[in-house]
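The following blocks contain the structures, represented as structure tokens.
Across the two complexes that follow, chain A remains constant while its partner is chain B and subsequently chain C.
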Partner chain A sequence: MLERIHKAQILMDKACQSLARQINIMEVCGTHTVSIFRSGIASTMPARMKLLSGPGCPVCVTPLGYINLVLELAKKKNVLIATYGDMVRVPGSNGSLEKQNNNNVRIVLSSEDALQLAKDNPDKVIVFVAVGFETTTPATAVAVSEADELGIDNFCILSGHKRVIPAMQALLSDKNNRIDAFLCPGHVTVIIGSDAYHPIVSQFAKPCVVAGFEPMQIIQGLGEISRQLIEQKAEVKSVYEAVVTQSGNTTAQKVIESCFEPEDGYWRGLGKIEKSTYKLRPEYSRFDTCKRFGVEEKPVDDTSGCRCGEVLCGLIEPPQCALFGKKCSPDTPVGPCMVSSEGACAAWFKYRPKGKQAQ
Partner chain B sequence: MCLAIPARIVELKGDIAIAEAMGNRWKIKTTLLPEATVGTLVLVHAGFAIGLIDEEEAKETWELLAEIEAFNQSQDKISG
Partner chain C sequence: MSVEQPHKILLAHGGGGRLTDQLIRQHILPKLKNDTIAELADAAKLNLSSPQVCFSTDSYVVKPLFFNGGDIGKLAVCGTINDLAVSGAKPVALSLSLIIEEGLEINLLDKILSSAATAARDNNVLIVAGDTKVVEAGAADKIFINTAGIGERLPGVDLGLDKVAVGDKVLLSGTIGDHGMTIISQREDIKFQTQIKSDCAALAELTCSILENTKGVKFMRDPTRGGLASTLNEIVTGSGRAIEINETDIPANLPVRAAAEMLGFDVLNIANEGKFVAIVSPDSAEQALNICKKHPLGKDAAIIGRVIEALKAPLVELITKIGGRRIVQMPYGRELPRIC
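After this line comes the complex of A and B, so read on.
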């Protein structure tokens, strides 16, 4: 193991010498973010190699307009909100699910639990807060098609499911031109396959390297990125070969496609991105929360002073936000990056030595 | 949130399975991984098996997860 670390470190040093400037590597996975902070990987890297936390945490990229809509739905009579745990503390413009305390929020671990709630509560309408990237989207699709087959009509979803590739393209197109390479998410790639990153490589000539969340995986990924930068190449590679294939999980891809179609959607910090969000296909529209209740997600300006959007684009580090560690902490989060355990702000708050400033 | 946990399928009926990992057993579905059978090591995310994983990688992940759990508990003791 030490040999592999040493090898990667040599490559990282060489890359810094070879490019003779700061190298910015963005990870697009909340699980990577936490692993990097917890293991202290950043502190073992050359000073000129910097890791940026990108839009890789589903809770963090969910825009304020979506959160406000969930809060509005939670006020309706006969509605039960089924949600993954992290979402209950994300502040909307006015409170959060937790603070609203309507006693109609149920935390679920799976879309199947949400569907079970519908079976158990025939007099209520279950609104499933369906967030997550391609890893999580097929689970929602299965629940929707089951609801369809079983004729369950008190179940609907508010799809906030996101596609990772359009976000990476949007970042490189007009948000952050300092990104030199991507460390790509392992478990998203289990579904989409490593071939999915070829458009990024061919369009923008940036190395895309898939890694698992174990520190050793991340170090190997950084070594591979360094090798490509030294050789002035941009390729799709995976150091997570025990799990990730080139074509991904084609069954899951078909399940997604049969239920959802891509549409333009809003992201925190990134704004509206073309074909970046999954919307239910017309044949499943009766499970669409917006259609059922005649509501829609509206873009909202964040006036709280929260700079999560810039953090998510890798434009600033959390301590550069005036609220960080003062008004905004894990106990009193203002923005989603401080709520989610996978958020860059929460990870920075928990694991960075006190007094360490942004570089 | 995109974290998937390695687990072994110990029971399977249709696409409903019981998965086991780190001393825990829970119900999952194999709808997204029809090739899974009893004994298969899979990655589980949000109640679904999403991919295959080999023995060595699964073991490394379990060890890391146990380490993280122990670390978090020690942190709670310090701060609590």
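After this line comes the complex of A and C, so read on.
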């Protein structure tokens, strides 16, 4: 193992020498972020090679307007909010589900659990807070189609599902971006397939390398990115070949397509991105929370001073935010990146590398 | 006059009348079986041989009450024994106080008391005092237990964080995360739970054996709530020294690692109920390790790191499998499961 690490390190060093400037590599997956911090990968890399945590954590990319909408729905009588755990603590403009404490929030581990809640509570309407990328979208789709088949009418979803590729394209389209390459998410790519990155490579000439979540696989991915940078190439490559295919999981893709269609939607930090979110197809609109309750997600300005948006775009590192480690900590999070264990701010706070302390 | 015993605990069981008396005489005393408690005096009289005693107390509110590897009764006895053991004492006697929610099935109470009694007997500790209160339904969750314990300090043993010095070794008595992951997976009704078993056990025999046979133990603590991460952080904060541990040397069972990974927990933060961390001088470390390894509760023991000079602040640092470095923080409370 040490030999493979050493090999990758040599490539990283060479890349830094050959580009003669700082190299920024962005990961767009919360699991990568956690693995990178937990294994101390940054401490094994050359000083001039930097890892940026991009919009890869589903909780973090969910915009304030969506959170506010969830909080509004949680105030309604006869509504049960079914949500993944992290969302409970994400602050909206005015409190969080946890602080609101209406005793109508149920933490679920899957969309199936949310549907079960609907079966068990026929006198309540279950609103499933459906967030996540292409990895969790198929499971939501399955729950919706099951609800449809079983004629369950007290179940609806608030789709916050997002697509990774449009976000990566939006980041690179910003002229202030400083991204040299992407370390692409393993789980998402299992679903969408590595071919999905070809438009990024051809349009922006940035290497896209898919890696698994073991520290060794990440280092191997960084080695491959370095090789491409040295050779001035930009290719789609997977070092996670055991599970990632070029075309992805076509069954899961079909499940998504049968239920959802892309629409223009909001991201924290990135604003509105074309065709970047999933909404239910018209034939499933009765499961759409917004239609059922006549509400909609509105863009909201964040006045808390939180700079999660800039962190997600790789424009700043968490300690550069004035709130980091002071007003904002895992105990008292101001922004979502400090709430989620996969958020860049929480990971930085918890595992901050030696010599890079907050204060 | 005898009163027919109901199957469930009633408020009257805590009322100090006949039902209370029957509960004590028929369900509690026969299990604890010792002359001191049988006197039912207001206080137990103890004859201690050492003038130096250690005294500790802890309350137990675990949910579920019964888990793979133990239950609240065993936990309440072992937990307080362990607090005495890691303080360098030989546990002698415990008190056992029950706060019971009205409606608890009496056969569950019997099971809990039996296992508390067995744990005490197995460790040569007497339960010499006790109390029973019953609260109305909803005012407690089935049963809460408090135990307090007295132990005799081993002669010549004086443990303290002030003795921790640069170069000392960090000894861990076995695998981490077993108890916490058992509770979490049973609470969440996760299917892999059958493979994971709590490490709930009393450590006094092992700790006494180490302290009686080696001279270099400086400090001991059992990494319960907050796990190894909390305990090591307490040691660095209290001693002003830093600690460096090696990820590859930290023992953990594979199903525990996998479960923690799946649920987004760091195994370093997960509770243990049958493990201790010892800070040992370098010349005694191997000997202490060997004593551990010969004991069933210490067979997976390992030297996991060392005490180093603190640079800016006393921190716990982890050298990861890939040779990277990162800080191990005091966990900040309950971690939520990750969502994808």
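Descriptive notes on the structure:
By definition in this document, the second predicted complex is superposed on the first by the 351 of 359 C-alpha atoms of A that agree within 3 Å, B and C clash if a C-alpha of one lies under 4 Å from a C-alpha of the other, contacts with A are read in each partner's own complex, and residues count from 1 in each chain.
Everything that follows uses one rule, which is that a contact is a pair of C-beta atoms (placed from the backbone, for glycine too) under 8 Å apart; a residue touches a chain by one contact, two chains touch by 3 or more.
All values derive from a computational prediction rather than experimental measurement.
By the touch criterion defined above, A:243 reaches chain B but does not reach chain C. Contacts of A:41 after superposition: chain C is touched, whereas chain B is not reached.
Touch criterion met: A:142 reaches chain B, while chain C stays clear of it.
When the two structures are aligned on the shared chain, A:309 is found in touch with neither chain B nor chain C. Touching of chain A by both chain B and chain C, each in its own complex, is seen for residues 30-31, 38, 58-59, 84, 86, 109, 131-133, 135-136, 187, 215-216, 340, 342.
For chain A in complex with chain B, the touching residues are 29-31, 38, 56-59, 84, 86, 109-113, 131-133, 135-136, 138-139, 142, 185, 187-188, 190-191, 212-216, 242-244, 249, 251-252, 255, 340, 342. By the touch criterion stated above, chain C contacts chain A in their complex at residues 188, 264, 266, 312, 317-327, 329, 332-333, 335-340. If you check the complex, the residues on chain B that touch chain A are 1-4, 29, 31-34, 43, 45-48, 50-54, 56-57, 60-61, 64, 68, 71. The touching residues of chain A, counted against chain C in their complex, run 1-2, 5, 30-31, 34, 37-44, 58-59, 84-89, 107, 109, 131-133, 135-136, 187, 215-216, 219, 329-331, 340-342, 349-354, 357.
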